[in-house]
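For reference, chains read A, B and C in written order, and residue numbers begin at 1 within each chain.
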């Protein structure tokens, strides 16, 4: 875990150096169980930065979310770097960005933060109810200490941590320029048992399940926009000329959207679970993504976002690739 | 008007008795709650804080057909809702009901919108007073409240064993007379309990914003740097607007299957880049800074300038569902300080 | 509207004649159309500056100014640049094909208020389309107005719209007409070479009892307005039109707003007096 003072000092140092144009991290939210992601540009704002178990968002998403207007004639573009604070899972997004050459290594300064897990707002609300004031929470080895509505309590990790944390294999950042805090021990693993269970269902049952889930979708595209790997300048579902997906919401178009997004993430999803967290309609989007993650692992022995020198899965070929995947 | 009560176990009978109407009520699916047409009364629930999607979708659906046509012909077949489709909407929270009064001004302005207006006219709105407001509710700052009646036709209060039903408009008579045995009469004691419930609920609302001066101030912040503090972390998704009970923007698209076509409208949002993108490629709102500014300014300045009322009811959805904690109360408060 | 109670329903109109105003990838084609049901004329009336949603069933509709003046009877004209999905689909159509027309929409140039004044129109490129009905209306009602000055420019000579009419303005005595092109390699070009705002300064019309109306690309409008102010024009003597992406055309769907104004409903015609305090107007 990291001492917040260390983190703030490092942020100040980096911002004061003039090396970076913005630093992405977390600050305290205005209420509830989640921190707010924040983008700061000046060392004077660094005291807002925090890190604790409420820092669920993936700051790596905001690297590619940065919008750049054309540089006015006579002015030079700001080519300074972007600094980003990352947990283990978040760091995999940066690695995958580098694999895909979304930007180059020299464009980013990575502040790596070892993490014992972040809390799931939905689980926390079921235990403690709503939290009008911002919650403080620290994940420890044997549970999560949480300060909510004026009381401090300790709950087991299983009760309150996000699902992604309960199967976390990368609690420490896989890439970092400035590792902040001591590394933490890996304490969980991922056997994909949830996906295996789902695979046992009949095609009819699976279809009925997804029909119900996709029909809830309001196509707000929060899952796409928050996804660090959904950084296409123009997304195929919102492209107007030519138009591939209708803008009307119905089961058919919603299904097209979700299936194509899942396939687009095959071999790319780094399982930060942000898509599922942000969904206002509680669609279990990760169930789709994890099925593809499992297939990719089993068929191609490939895991995205762990090796910055790797080839993207869909850009690599091996004569031993299984043929059943080619339809 | 009238005072009635409905025993909780009689609610399904009450819904069943309304068989000459289409009944819409909240339905729970997992942790999400949304209004649906009720065919099986046991699916309706009145035990919820608020629906994920506001009941605006009952008047202004996510996607609706404006008219149909055959591409090869010049005949157009309008799809305006018919007068026959009488509806009862049960369990509307007062904030969401108040939103209808606001959106009515837009859809009734100059060129009245027959699709929205027909559904509004055909619907009897039965509210559900709030006993336990959510922590981000701020309806009292916008002139609403846990038992605000405008523009409801009737309102329910959860008084433990039973719901107290207070009818408000003449329109509610039609459904009271259909409800038959499910309704019992009520009187002063229930009325007093209802007043107490509303009073205690109002005290539980902790979040507030003083709106005075905001509509005048916001245009002066057009170029202000403070918008980027928020837009920097904005994802540009449609949650805050799609789930807003007063957001009413839409797109119109032609869709064809072979020779059968329709012109349809669907929810759209000022948070999407495509919303204002010209065919030439020029975008007058090129980044999320301009789009965030437009969303807040539209609600709290442009709409009130044009229609005389702030386009926000304080339901708190945009705060609750924003994945990056862009908290409209915080934005407005900052706008007053900068 | 086809049906008074439903502003979303279009009229069906038949294309009578089409021709190209300008060549190239972004060519401008003019459509002369008549309603399939002639009875529509009994209720139809539009004013110079008003618009209509023109569309093709199966593709969609977009907002265009009606480029014919109400004084031109029994047909409507639209001059449309090939640009996006709808305009590309419209360009495929020829005489005999059907389009949809929904309108008239929006406000208009207050030509009655301008009676007794000098009128200067300053157009650029396709921006001449909304000015065409103003010019033709004034020419048809000469006795009510003082001098008419038409200033019009385009990128090249080929990009000038309505060329036969321009020739006519150049020749007739009561109209002052000056043309310009941004670039010129043509030795026969006897008119101004340079940008429209420069043409304006070259002509330097007096602001005395004069209304200036300008339409064209946003950047041109910006500099034209600056120059008009230099010439002494007051904001309430300057009129322009705005454009934005539109869907409903009736002030509902939201997207065309500049500040609290809907371009489709409160516009497209605005006096600079109104726009000068709305920064988004020129975004």
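To be clear about the criterion, a contact is a pair of C-beta atoms (placed from the backbone, for glycine too) under 8 Å apart; a residue touches a chain by one contact, two chains touch by 3 or more.
Owing to the predicted nature of the structure, the values given are computational and were not obtained by experimental measurement.
*Asks:* Thinking of each chain as a vertex joined to the chains it touches, would you call that graph a line, ring, star, complete, or other?
*Replies:* Per interface graph, the chains form a complete graph.
*Asks:* What is the chain whose Cα centroid lies farthest from the Cα centroid of subunit A?
*Replies:* C
*Asks:* Taking the mean of all protein CA atoms as the centre, name the chain whose own CA mean is closest to it.
*Replies:* B
*Asks:* Per the centroid of Cα atoms for each chain, what is the distance between subunit A and subunit C, given in Å?
*Replies:* Using C-alpha averages as centres, the distance is 49 Å.
*Asks:* Using the average of all C-alpha atoms in each chain as its centre, how far is it in Å between subunit A and subunit B?
*Replies:* Each chain's C-alpha centroid was found; their separation is 31 Å.
*Asks:* Between subunit B and subunit C, what's the gap in Å when you average each chain's C-alpha atoms?
*Replies:* 39
*Asks:* Mind pulling the residue numbers of subunit C that touch at least two other chains?
*Replies:* 84-85
*Asks:* Where in subunit B do residues touch at least two different other chains?
*Replies:* 251, 253, 268, 277
*Asks:* Which residues of subunit A are in contact with two or more other chains?
*Replies:* Expected reply: 240.
*Asks:* If you look only at subunit C, which of its residues touch subunit B in the complex?
*Replies:* So the residues of subunit C in touch with subunit B come to 2-3, 5-10, 12, 36, 55, 57-62, 83-87, 98, 218, 243-245, 247-248, 250-255, 257-260, 265, 277-280, 283.
*Asks:* Taking the touch rule as given, give the residues of subunit B at its contact with subunit C in the complex, in rising order.
*Replies:* Touching subunit C from subunit B are residues 66-67, 69, 71, 74, 76, 78, 80, 106-107, 109-115, 219, 222-223, 248-254, 256, 261, 263, 265, 268, 270, 275-280, 282, 284-285, 290, 294, 297-298, 301-303, 305-306.
*Asks:* In their complex, what parts of subunit B are in touch with subunit A?
*Replies:* 29-32, 34, 52-53, 62-63, 134-136, 206-207, 232-233, 235-239, 242-243, 251, 253, 255, 264, 266-269, 272, 274, 277, 286-288, 319, 321, 323-325, 327, 329-330
*Asks:* Show which residues of subunit A lie in contact with subunit B when the two form their complex.
*Replies:* 22, 29-32, 34-39, 57, 61-62, 65, 67, 69, 122, 130-132, 212, 216, 218-222, 224-226, 238, 240, 246-250, 274, 277-278, 280-282
*Asks:* Using the touch definition up top, name the residues of subunit C that touch subunit A in the complex.
*Replies:* Its residues touching subunit A are 84-85.
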